[in-house]
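Here chain A shows up in two complexes: once beside chain B, once beside chain C.
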Partner chain A sequence: MKLAFPTRRAVSRTLACDPLLAWDILSDYAAWPEWLPLVTQATERAREKNFALAEVELAPFPGRKVTIECAHAPGTRVLAKSTIGQDPEFILDWTVAPEGAGQCRVTVKCTWVHTPANVKAAMGAVDPNAWLNGLAAQVASYAADVNTGPTDPAILLEIHETESGLVCWYRGRKYAMTEAS
Partner chain B sequence: MKETIRKIEAFSGLDEKLLSKIAATAITCSYGADETIIREGEVGIGMYFILRGRVGVFRNYSGSDVRLGEIGANEFVAEMALIDEKPRSASVVTLEETECVLFTRDTVRHLLEKYPSLSIRLVRVMAERLRAAQDQPRTSAAQPAAVAASGASGASGASGEDTAAADAQAASMKNAIEKKMLDMFEMLYTAKAFTRFSVAILGCPVEGSGADALEVIRVGDVKAVLLPASGPVELEIGAYGAGQFQLHVFHPAMFGDSGPRALRFAPEPIQPDDRFTLSLPDAVLTRHARPDASAGQVLPVAEALA
Partner chain C sequence: MVKNTVIVKGDRAATYQILTDFSKYLEWYPECEKCAVISVNGTATDVDMVLGGMKVARMVLRYDCQPDAVTYNMVSSPDLKGFTGSYRISDNPDGTHTVAMEVELTASAPKFVTDRMMKSSLEKQAKQLQDRNARFAGAGGARPAAAAGAASSAAAPAAAATTGGTQPAVRAKRPRCLLRVRKTGEGVSIWYAGADYRKTP
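Then we have the complex of A and B:
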């Protein structure tokens, strides 16, 4: 019999950003390593409107690829779960709700199945507070751009050269640009 | 979410633990009218259940979108993505404000493997789709839908005046439905979503019965009889008309890495009241002796479909 014990944790925080910005960051699975300390590498394998398949490497388990399935409701929810039968087994369930002007409330519920094989490595890494810190920092970096971003509504497209590379503003929203060749 | 899941007919009667498990991995999503939920050709990763609203199913034929049908509240959309790895075969667009529950493929596959009753419910949903496609009026506007449902190629152009042509069309539709059923079960077995059951697909004009039969799923004249795969079972098959009896058999043990996908028995000429017994898991089909004293015989398997 497999010895496993699931733990559940939920943490919420109010962030100073539009809910859509928080949701965009959360649902950009390939960019999780930029801000989510649990994930060190991520590759999106497939995506359609409400679903995605990605492969991630987690900080406590270097070198081990974990396939995750994601379902997302635009602007409100991002749910990512490891596919069944893998170790570790987990669900990250993010909810984003508007909270007053320019603010949103982000809640992360984490279900993590501890096993004798993963409990030691996972200890400390399963830290939703740290994840929200990472998200807040990511939001802040975008918010800084928001403050210096285009203010003239007549400007549809604007490209900035920043420390982290080229970013493009299109209709008031920021996009990171990557080299095509 | 748990209460929402509980109200879905396919999940009714499931225990609390299972309902909680499904609820933990499903989310709801709202759409405005005229929003594309699924795009033809994209990889299929999940399944939708419509809580309220209505969607249209469209397929692109030579550059123009043809509406294949509509799906409304309390129905699943894109359930085939759960069992096949193929790209989406059609686009799905909301016709009005719509709310759906989203299920990922892995979650449902796991549930199907662990809870066999869900597999049967899923088969019922799929069979209902085939039935609906078959029942569509064959007007010129609906022709692509009939073609899509049947898997046939090209338009029939039948005038309806010629009985022979109508019969041929019916036979072609029956064959197409039978092929769809075979494809459906093959995918279910390949996805290991049907590990607890054997299936006998019967072509007309016969009926299958017996104490071991768990369920008979009918689409037109084609019947799929579900039997438990846990031990030896027998299916009694009786002819109610003259014609050709066709039988395909699926058993989970066949679906090893190099094993056959299904067994096909050679079409057998039959008369009313002819009787057969199918024994599983050995897949032995025996023709009973006729009242006119013709001897009973064991019929050979024609082909192991790989």
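Then we have the complex of A and C:
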């Protein structure tokens, strides 16, 4: 008999961004390591319409690949769960709802099945508050407009990542940066 | 409003994928002669659709795709006065799932005529959903949805993608700020990856 303790936690937060931006970040599974402290590596293996299959490595279990199935309802929900038989077993259910002008409410419901083998490692890592902190930080990085540059004269320097490379705003002037090596 | 329900034995994710893959409606929707996606905005997808049958009906429908329901409303049509409906998917305790379909067609023809047409259409759609789901599962197109009872019944179906599925497209990157240096009264503040670091002389 397998000893398992499912735990469920739900945390919500209001973020200062368009719901679509939050959803875009949440459904970009390959970029999860950039902001989600739980995930250190992620590769999107397949994607079709509202479904995706990704492989992730979790912070508490370095070197162990976990396959996750993801379903996303555009703009409103992202649900990711480890496939059957994986250790750890978990479901991350993200919902995004508009909340006033330029704001949205993001809720993450985490179901995590603790087992004697993973409970110690996972205990500190299953922290939905930290995940929302990461998401808020990621959202903030998209707030600035690379085309107009900083509007606050106190900002001396801003470096943006764009499709065509790095762009720098320095003292009100825009520069395209090129790779030196 | 004409209604029909069908119990589908196959995978719920496959059914959802069939219902939301508008480009393939031609393959299973009985009277569909054209179905082209015009635009996608959040959960809403506008679709240019032509239905055949007794009379050709051209229309633009707006589909709203939620994890457990796909609803649609007519945006415009030169041939119809109204066309609304939905597909609602719910899990059954025996592992099957039910698709509840309903549709309301308003046209210049008498209601008993349009209702009869829609009733026939829903019956054919029900059969097609069952058959297509079975073929989909047989071809390895979808994976089992439930994870040891952990997923809620309202949860979206699990990923249909498999190792043989569609390769992920490269996502267009939104421009984003990586680093910002701001002059403050005491020195400078450096913003990096969402956190502020203060530097004083």
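Keep in mind that, in the parts below, the second predicted complex is superposed on the first by the 144 of 181 C-alpha atoms of A that agree within 3 Å, B and C clash if a C-alpha of one lies under 4 Å from a C-alpha of the other, contacts with A are read in each partner's own complex, and residues count from 1 in each chain.
Criterion: a residue touches a chain if its C-beta (ideal position, glycine included) is under 8 Å from a C-beta of that chain, and two chains touch if they have at least 3 such contacts.
Here the structure is a predicted model, which means the values were calculated and not measured.
Trainee: Between chain B (first) and chain C (second), which, if any, makes contact with A:28: first, second, both or neither?
Mentor: It touches chain C, and chain B stays clear.
Trainee: Touch test for A:89: chain B only (first), chain C only (second), both, or neither?
Mentor: It touches chain C, and chain B stays clear.
Trainee: Is A:113 touching anything from chain B or chain C once the two structures are fitted on A? First, second, both or neither.
Mentor: Second partner only, chain C.
Trainee: Is it chain B or chain C that touches the larger share of residues in chain A?
Mentor: C
Trainee: So in the superposed three-chain picture, is A:137 touching just chain B, just chain C, both, or none of them (first/second/both/neither)?
Mentor: The answer is second: A:137 touches chain C but not chain B.
Trainee: Quick check on the superposed pair: does A:37 touch chain B, chain C, both, or neither? Answer first, second, both or neither.
Mentor: neither
Trainee: If we overlay the two complexes on their shared chain A, which of chain B and chain C does A:60 touch? Say first, second, both or neither.
Mentor: In the superposition, A:60 touches no partner, neither chain B nor chain C.
Trainee: Name the contact category of A:162: first (chain B only), second (chain C only), both, or neither.
Mentor: Second partner only, chain C.
Trainee: Using the touch definition from the top, say if A:20 reaches chain B (first), chain C (second), both or neither.
Mentor: After superposing on A, A:20 lies in contact with chain C but is clear of chain B.
Trainee: Touching chain B in one complex and chain C in the other: list those residues of chain A.
Mentor: 46-53, 69-74, 77, 79, 81, 83-84, 91, 93, 111
Trainee: Going by the contact rule at the top, pick out the chain A residues touching chain C in the complex.
Mentor: Residues 6, 19-21, 23-24, 28, 30, 35, 44-53, 69-77, 79, 81-84, 89, 91, 93, 111, 113, 134, 136-138, 140-144, 146, 150, 152, 154-163, 166-167 of chain A touch chain C in their complex.
Trainee: Using the touch definition from the top, list the residues of chain A that touch chain B in their complex.
Mentor: That would be residues 46-53, 69-74, 77, 79, 81, 83-84, 91, 93, 111 of chain A.
Trainee: Mind listing the chain B positions that touch chain A in their complex?
Mentor: On the chain B side, the touching residues are 24-30, 36-39, 42-46, 48, 88, 102-107, 110.
Trainee: Can you tell me which positions in chain C touch chain A when the two form their complex?
Mentor: 13, 16-17, 20-21, 40, 42-43, 65-67, 143-144, 147-148, 150-152, 155-163, 165-169, 171-184, 188, 193-195
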